[in-house]
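For reference, chains read A, B and C in written order, and residue numbers begin at 1 within each chain.
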Amino acid sequence: MTAALQTIALGKHFGALHVTRQVNLSLAAGARHALIGPNGAGKTTLINLITGALSPDEGQVLLGGRDVTALPQARRVKQGLARTYQINQLFSDLSVLENVAISIAERVGAAGNFWRRASANSHVIDEAVELLARLKLDAYALTPVRELPYGRQRLVEIAITLGQKPTVLLLDEPAAGVPSAESHIILDAIAALPEQIAVLIIEHDMDIVFRFAKFITVLASGGIIAQGTPEQIAGDAHVRAVYLGQGGDV
Amino acid sequence: MEQVARAAISILFDGVAYGMLLFIISVGLSITMGLMGFANLAHGAFAMAGGYVLVSLMLTFDLPFIPALLLAAVAVAAVSVLFERFLYRRLYQADELDQVLLSIGLVFMATAAITFIYGPSTVSLKVPAYLQGQIDLWIGLFPAYRSFTIAVGGLLILALWYGFEGTIIGVKIRAAVDNRRMAQSIGINVDRLFVIAFALGSGLAALGGGLAIEIIGMSPTFSLTYLVFFLIVVAVGGLGSIRGAFVAALFLGIVDTAGKYLWPDGGAFFIYAMTIAVLLVKPEGLFGRA
Amino acid sequence: MTELLDNGGGSAAARRFMAGREAWHWAEALPWVVAVAAFFVFPDYLALGTQILIAIIFALSLDLILGYAGIITLGHAAYFGAGAYGTGMLSAHLGWGEPISAMLFGGFVGGVLGFVSGWVLLRYHGLTLLMLTLATAIMLKEGANAAEEWTGGFDGLVGISIWPLLGSFEYDLWGKTYYCFALVVLLLCFLAARRIVHSAFGRSLVGIKGNVGRMHGVGTPVHGRLVAVYTLSAAMAGLAGGLFAESNAYVTLDVLSFARSGTVLIMLVLGGTGRLYGAFVGAAVYMILEDELAKLSPEFWEFGIGLLLVIVVLFFRRGLLGSLDDLRARSMGGGA
């Protein structure tokens, strides 16, 4: 079976800094894959390479077996690859509804039409409302995003991305900065993701990682140092040394 | 044949002098834009101020040319500090549009103020006898004043080169142009650096404005008329690159001068087409950092 | 407001909310009432009035790209000028002076130029884009200067002769005909612009302006979107230019000048960007003030507009209309 997402010997330099080294990653449809590693390991950079926000110096990115390394970001999105951001990337003056509608309108091809009134795209609005209800954001639908508590803003971040109906979903520390009292809303949302989506999650909180992931990749200094099931990773001495040892709570 | 050669040399010479002038005025803009990222469309207003202060110093206070020129540059540099502290600094983090609008506003105000004080027509001054007429430079006779301008430009490049390569402050400025946050984190007082660079740039512009009176003329519309040329020098040369500003200024000076003689109608078109071509291929300019 | 969605009527409330975003407000009738009233109250000022209406169309076109899509340009006069020369040359060289089609031709020329230049330039950002737009407009002006045979060069394009509007309304000295013509064109341009900004396309522009990285992330073809709105804007600027050429029966290089690019930018910023009506207020205030003050003392006017610009940038960044909004919001907040 072809992988939903695969990287082959991906590499990237920032000047003298070798941030991504020979990264081979493979996610099957329905995968629940965690990417962990210390700060500055190059996790976000890897996501940027996969999505096309950055272009790699070497290696390839395959989506459903097709090489998309040369495609711009927007084209990869059209092929089902979507991501969330470590730092919220929202349209903060717009309502939650509009944030999600922008994304959905883009997916269904309504956003190229400059003559049709936005409010006339009822299928877009209905879908947005439905998505917000699914994420329990419907009570906030008409509120400007900047007035939302941080946890809910993180949820909007996810909602915009889900508006793309991705087949491959990359989550960059979705619960980062969310107070623990609120973090369950994020976890619930992740737990409720459609089963067939391949999900890659970057996360520092080991509770979340071990609860969620069926497979873990450990990144350090840009390279993969270990891959395996949660049990294997938890028992890996090398990983403990470089990563879990430094204040990790496992 | 000899006539053609002589004409070519004369065009080249005028072009170099004009280019030097553009360099002297624009180099400060290049440094400040590279350092602070500020789209300062009012840079030419400091040059214009230099020109008019020079005229006043010579006519009203009877100062000789060279001391008056230097004093004008220092005075403008000093006043520019006020602008930096009270106006420019507030918009370092703002977007380009705000910077453009603020500085256009300043250009308008400067133009109106100068017109009000000095009248709308071109001003002139009396350069000292030793800068009048021709001067013998072994290979032939050349206009003395333009030779002087070229010499000043040449000295300035050496001084700037030494200043940036050989002095602490120069190294700091270069470090801050390269990577402001890094510079800040190793304890460079970037804030003070901005003031110094801004004053230096404005002072040089004023010097150039003073020198410009005899070469390209000085009137209240000076800063608007030449604004685009200063910007071209900076953008084509590459923000923050002294070498780039020099090359671009010289090139622009020579091409513009040659164009005026050889192709009066189309020369300017050619310059803008070249500018666009360079920026399309190298958006960071010839010597800018990518 | 929020519980509306809770109570099951989610979609209906959401649709109502979205429709509310583009609903007409009674105050939107004001500028049109003023424009019509001015026709009867100030019959001696209709020539100025026509030029104001043209300036509003031009500023409106800039608002589409600057206020909504966040494209900063110092060369928007390129498209105004292209339209003016397009319309003017159609009459002066080909003898076609039917005002409506000639003006549409001006819009077409502006639009084509906008598409071509936008395609190339909109890959760049920040200072580079600023320089490129500036240089493009000036290059065009120098080109027009050099192509004297067609454009009249420095002396301007003469021999423009425009036929009566709709075959019956003659050009008149007081500018009645062109005032009405310009007002209708403005109304149509405004309706189009309003429609555009309230479409999903318009929303995506706001998204690009607010956070271009995220728009790439949701699959927006950003460059194509920007080229599209740039083309629409350039076409509208071209219409304004065409109208300008017809109402003056004369075109000079001035239509392509940096001063014109700068002025329209100032007008829009004075009125307020990203709100369509900012163009109305900014252009009208600017031109009326100019007409009054420049007569008294050109220096005073120039100094004043410079100072005003500095003050607006430092303290009233949202322009006249935006500041009015803020004031109202504050007084309402205080009253509640």
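Note that in this section a contact is a pair of C-beta atoms (placed from the backbone, for glycine too) under 8 Å apart; a residue touches a chain by one contact, two chains touch by 3 or more.
Predicted model, so just to flag it, every value in this text is computed and none were measured.
Enquirer: Which chain maximises the distance between its CA centroid and that of chain B?
Expert: Result for the farthest chain: A.
Enquirer: Nearest chain to the global Cα centroid?
Expert: Per-chain C-alpha centroids compared to the overall one single out C.
Enquirer: Averaging only over C-alpha atoms, locate the centres of chain A and chain B and give their separation in whole Å.
Expert: Taking the mean C-alpha position of each chain, the two centres sit 50 Å apart.
Enquirer: Which integer distance in Å separates the CA centroid of chain A from that of chain C?
Expert: So the centre of chain A lies 41 Å away from the centre of chain C.
Enquirer: Take the average of all CA coordinates in chain B, do the same for chain C, and state the distance between these two points in whole angstrom.
Expert: The separation of the two C-alpha centroids amounts to 34 Å.
Enquirer: Quick check on the complex: what are the chain B residues that touch chain C?
Expert: 33, 37, 39, 87, 90-91, 95-98, 100-102, 104-113, 115-116, 224, 227-228, 231-232, 235, 239, 265-266, 268-269, 272-273, 275-276, 279-280, 283-284
Enquirer: Using the touch definition up top, name the residues of chain A that touch chain C in the complex.
Expert: Going through chain A, the ones touching chain C are 51, 53, 72-75, 77-78, 82-83, 85, 89-95, 97-98, 101-103, 105-107, 110-119, 121-122, 124-126, 128-130, 132-133, 138-143, 160-161, 163-164.
Enquirer: Would you tell me which residues of chain C are touching chain B in their complex?
Expert: Residues 66, 72, 74, 120, 124, 126-128, 130-132, 134-136, 138-139, 142-143, 145-146, 148, 153, 258-259, 262, 265-266, 269, 298-303, 305-310, 312-314, 317 of chain C touch chain B in their complex.
Enquirer: Over in the complex, which chain C residues touch chain A? Could you list them?
Expert: By the definition above, chain C touches chain A via 1-6, 10-11, 13-15, 17-19, 21-22, 195-196, 198-204, 206-207, 210-211, 213-222, 225, 228-229, 232.
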